[in-house]
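The structures come next, written out as structure tokens.
Presented sequentially are two complexes of chain A, the first with chain B as partner and the second with chain C.
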Partner chain A sequence: MMIRVITRRILRALLTLFLVVTFVFFVLRLTGDPVSAMMPDDTDPAIMDQMREDWGLNRPLAVQYADYWMGLAQGDFGNAYRDGRPALEVVSERIPATLTLTLTGFAFIVIVGFPLGILAAINRGTVIDRGIMTLSVTGFSLPNFFLGILLILLFSVQLRLLPAFGSDKWYNLLMPVFTLGTAGAAVIARFVRSSMLEVLSAPYIRAARARGVQERQIIWRIALPNAAIPTITVLGFMVGALISGSIVTESVFAWPGIGRLLIDSVTQRELAIVQTIVMLTAFSMVVANLTVDLLYLMIDPRQRYAATSGA
Partner chain B sequence: MSAKANAASEPKKRSRLRFTRGLGQSPLLVRCAAVWLSLVVFVAFFAQWIMPYDPEATSLLARLEAPGTSTRTGAFHLLGTDHLGRDLFSRLLTAIQLTMAVAVFGTVFGAIVGSAIGFIAARFRGIVDDLIMVLVDFQASMPFVIIALSVIAVTGTGNLLLFVLLVGFQGWERYARITRGMTLAAVNHGYASALSLLGAGTLRVYLRHILPNIAAALIVQITINFPETVLLETSMSFLGVGIQPPNTSLGNLLSYGRDYLLNAWWIAAVPGFAIFFTTLAMSIIGDWLRDTLDPTTRSGA
Partner chain C sequence: MTGERVPLAIEGLTVYHHAVDAPVIENLALSVKPGEIRGLVGESGSGKSITCMAALGLLNDDWQISGQIALAGNRTLQAVAERRGFDAAMIFQDATSSLNPIQTIGQQLTETVARLRRLSRATARRVALDLLKRVDLPEPEARYDYYPFQLSGGQNQRVMIALALAGQPRILFADEPTTALDVTIQSQILELLKSIRDETGMGIVFVTHDLGVIEDICDTVSVMYSGRIVESGPVTDIIDRPAHPYTSGLISSMPTLAGQIPAGIAGQVPAPGQRPTGCAFAPRCSEARPDCRTEPPRLVAFSAGRDVACLNPLGGNHAAEQSRLDHRHCPNKSTRQEPIAEIKNAACDYRVGGGGVFRAVSNVSFDINDRESVAVIGESGSGKSTIGKLLLGLEAPAEGEILFSREPVPLLGTVLHRAYARFVQLVPQNPYLSLDPRATIGNQIREPLIIHRIGTQAEQLHKRDELLEAVGLGPEFADRYPHEISGGQCQRAVIARALCLQPQMLICDEATASLDVSVQARIIALLRELQERFQLSLVFITHDLRIIRSLCQKVAVMQKGELVEFGTAEQVLSTPSHPYTRALLAAVPEKKKELA
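Let's look at the complex of A and B:
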């Protein structure tokens, strides 16, 4: 039974990947003629026709589509116009910088969001609770591009503590990670708070209290593990938010990652690089969603039961 | 089970709906937000009449003037001037106007297209429904900004109408999902089939009878979507792939300000706070509207 559920999830993930590739193919091929988009307007039509011929753009669409898949299967994502290097290679160089930023950002979300949420839940209705929730609303509403600029104004311009740009020292990470993670941490704090409050009002917590279990034990050993389960879903959503957020953050702090490469490639119309990044993003999202689904099934027996009996 | 416990059993929905609740649910806050939003709406309509100067008029003698300074020529700049000596207050007003226009048109467009797709799925069911739901799932699992950027990469920047439609398209899958689900439920209620038996056409049943019944849920979705549209537009304009000069959105203003952080912080701070206050106010008002419109959350409060 479990295997059937897992197979279904994996099939759905594959379907999403198939749709992404199809989407990218059609957006790139149908919304414009890459040759006329790339060449100056006064190019000799004969040369343009020759280029279309060379690139196989005048073949039937179905043939091009099949060819596109063949290329992808062999790791061929096209070449950058500017220097003719394989797009996959150009993008791969930027992966470490983006991974450093997003993984640290993810850690920031968890490390900041969870304790704040727990603290607010334990002190429900007090000044602490209200303070944390006000912070959370502010963090959620503050656009990350503006937050980044405020940080630069405060720490680089006014206090002269941190450099506004650069990526080779550990402290270069501080402002970008704060910019990237604040909104997510605000959402998680909010979610953990309500999840904790819900669990704390459950009958088994009352039963534990009646048995004389210490409050500290109740919160950390009983309530928190149960409250943490539903946050896995929200943490899964965070992957998408981190990817979108890194585009802005990398641009504000001149961080040499994929996000900034994407913006540069969009303005320079480096379609091969754009399509590579879109597919890489889709792949990460699909893997993240699949991981969340499977983690959920592994951790929560009720989900397992619902999934197998509902199937 | 009390209504409170009932609402608490859906933590995910609850946390999203009550996001700004932590501020103490004070009506004062809602009023402040309403005042700010009214100001923004007023500016959106009447910017041309209240701006003190031409937002494009440059003055090389009055570059990078701090807020509240009067220049030698006698001009008073409430919010200072930018690197070309343009009056920041006037530029802020036009930028608010454009940002709001894009957000309103975009949101309305997205709501109409999304709900129409949802209606189509509910009307035809079967393979059409399956296909639409696959697309909805696909959209929900991809960050929209990536899709928007890949379209911009192909079409190029500078097409304002395309950009507005693109930005508005964000969130279509949520309208589609809500409309589809609620329409399917409404059809089962019998009043819809009674109407078709009486000879009402399909369009009439959907638009005149089902739509009003699901309008509250769609309005709630619009209040969630509207600030997201503002943020998407301003961040894309900030990145240089959204609104293009000579048009100016709040995102453009902020990105110009980024180059002058060292000696003219106000150029970035003024549009930045304008975006921040507007999205914050909309979240507060949206929450309040949701509580008023949605009877299921009203009892839980």
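Let's look at the complex of A and C:
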């Protein structure tokens, strides 16, 4: 039963991937021509036509689309126009940098967001609660590029504590991760707080207190797992926010990741690279959502029951 | 007593609420001897639950407590929290939501046993299984690994009781533990509590609004009103000869199988901070004298073992008897013996997960005669609400047919159904949830007229005021919002709304189940009056057999989707033919003499 549920979700994920790839394929080809983006305006039209011919861009869209899928089926993601390198190779080089940034950012969100939310909830209405909530509003109100620039101005330009660029030392991560994760941590803190407050007023918490369960046990062993269930959904959305956030953050800090590659590739109409990146991004979103669904099933016996009884 | 520690002794308890800026509980004394079951009764808002929560130290910083609380002889107001589970335990009304939803009941129980008895997990697990057996949970070994959502409400309440027994407490606070349960399950749980009391000598504070339950299980009773105890003593004494007019009012509000018309108590419990200077009950009391309004009565000895807080206590047993409005059953007047609605071999299915169907009702046939009231009774899951939905056209019969005025009942979503709404209307259980919180009472009563484009604005407003008057609210309620009025008043507004289109039949689905008995009695009286005045047929879906006689001529008994008995109220209640009906009747908590 469980296997069937998971298979169904994976099939749905594949459909999502297919739709994303198709959408991006057509949008890219309808919004600009790689050849005219690459060559100077005064290039001989005959040369440009020749280039289109060489790259197969003058064929009907449907043919190009079918061709693209044929390639994908054989693991061929297409080549970059400029240097002719396989798109997958170009993108793969950049993956570690982005992965480092987004995973650390995700950890930052969880490590900062959860404790702050719990702290605010158990100190509801006090200075601590109000302080954390004020920070939280500030946190998700600041656009991350702005936050990034502020950090550079403060720590690199004024205090000269941290370098504004670079990615090879651990401390190079500090400012980008803070820039990337602050908004998410702020949202999670808020969400964990309200979720905890709701759970803490539930009858089963009162009943646990009535049989003398220690307050610490109540918070960590009973309230938090229950409050975590709805929070997981939000964490799933965070993956999307992290990916889009990383594009901006990488630009601000000149981080050699996928985000910058994407921006460059879009302006240069490097179709194969853009497509590969979008596909990769969609894939990570799909994986994140699948993980959320599976985590749900793991944590919440009611969902598990509903899933396995075929509802 | 044999020098055993007194399970509970509360002296001079005052509980102050900071936000309300007034005491909610005032100068309350309550004690329970070993093996004693003390009932705590009163309308909602009288402070019963707060008293229990205060005794267990469960109130948060919004509250300030003063006075003496001794649990099992430990006179320690501050240290109460540390003794929770050991000296005292508590069970609640909604057992299912009182258990951690994502942990198995076995784990929860084992953890609690291990903690409270300082046992290893393996030993605790064995004790936990023993406890599950002790509370008669069927198949305890298998159910050990169940989650609360997989068990029924009654089974979860057994688990809650097992949890409460984990620390071998001397006193158990039971806050409406059977209110949400079916009568047969309720009587099983009451028996279980009694047998545990007999075995352990534990004292129990039993909070309920149901005097029938008090009579069934309690040795002594304390009646609470507006944060004070107004009367206390042995149960039989107090039920037979109440001294406080409030107690008498509560008793006469109880519907009985014998069918006395419950009287109810007018008005409502004053909010803390708005209590009158004298006796808090004086504004609602028919016996009040001028000094009642100026001088707060103290709780003093009334007779042996009995205390009452009343300047003008009732003497003898005249009070309870007199305050019943009359002893007539619901008039057995012969109505026009013509069916207005007919249920013919009806079956109804619900889709369930995995493409299966669940047959909620099968092969049910009975008629509802014009201007007649029919009670549909049964336990949860018996299909009684589905009967209501079929009659309203909210569900389609899978087999058979539902007729109204000899025509098939049109289904929701069809053009005809809209017109049908003018003939049949619903009064649901929870009046708060069935009113729009952001619309005034008046607009909601008038809304059906607007939807059906009936009358000019002036006529509609006139009709609205007329209806408010008819349900005993008065036009001044038109501009109020649901949260500004009490539950009983909300239910009156809902009834007014249902009557707006001048229907011929009302479907009341547990319409009084979430109301206090004092209010329930008055709603029943109102329904009777309205039925007469507007010549209505009534279908009264209920789990409470005691309200049948005062309202209904016919009874349909449902069990597991089937109609097991149908007949006149007299017949079914006095000479039930089906074993299930007999079981239901036997489970009704009330004095056995009234059954005779």
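Note that in this section the second predicted complex is superposed on the first by the 265 of 311 C-alpha atoms of A that agree within 3 Å, B and C clash if a C-alpha of one lies under 4 Å from a C-alpha of the other, contacts with A are read in each partner's own complex, and residues count from 1 in each chain.
In this text, a residue touches a chain if its C-beta (ideal position, glycine included) is under 8 Å from a C-beta of that chain, and two chains touch if they have at least 3 such contacts.
All values reported here derive from a predicted model rather than from experimental measurement.
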Superposed partners chain B and chain C on chain A - clash or fit: fit
A:Asp129 touches, of chain B and chain C: first, second, both or neither? first
Which partner, chain B or chain C, touches more chain A residues: B
Partner chain in contact with A:Pro163 - chain B first, chain C second, else both or neither: neither
Which superposed partner A:Pro301 touches (first chain B, second chain C, both, neither): second
Which superposed partner A:Arg206 touches (first chain B, second chain C, both, neither): second
First, second, both or neither for A:Pro225, with chain B first and chain C second: second
Contacts of A:Pro256 with chain B and chain C, given as first, second, both or neither: neither
Chain C, chain A and chain B - angle at the middle CA centre, rounded to the nearest 10 degrees: 80
Which of chain B and chain C A:Ser141 touches, first, second, both or neither: first
Minimum distance between Cα atoms of chain B and chain C in the superposition (Å): 6
Overlap of chain C and chain B interfaces on chain A (superposed complexes): none
Residues on chain A engaged by chain C in the complex (per definition of touch): 202-204, 206-213, 222, 225-226, 229, 299-302, 305-306, 309-311
Residue ranges of chain A touching chain B (in the complex, touch as defined): 12, 15-16, 19-20, 23-24, 27-28, 31-32, 37, 120, 129-130, 132-134, 136-138, 140-146, 149-150, 152-153, 156-157, 164, 190-191, 194-195, 197-198, 201, 230, 233-234, 240-241, 243-244, 247-248, 251-252, 262-263, 265-267, 269-271, 274-275, 277-278, 281-282, 285-286, 289
Touching residues on chain B, where the partner in the complex is chain A: 5, 8-9, 11-12, 14-15, 18-24, 134-135, 137-138, 141-147, 149-157, 227, 231, 234-235, 238-241, 251, 254, 257-258, 261-262, 265, 268-269, 272-273, 275-276, 279-280, 283
Residue numbers on chain C that touch chain A, as the complex places them: 56, 58, 81-86, 89-90, 92, 94, 97-104, 112, 115-116, 147, 149-150, 160, 163-164, 166-167, 173, 352-355
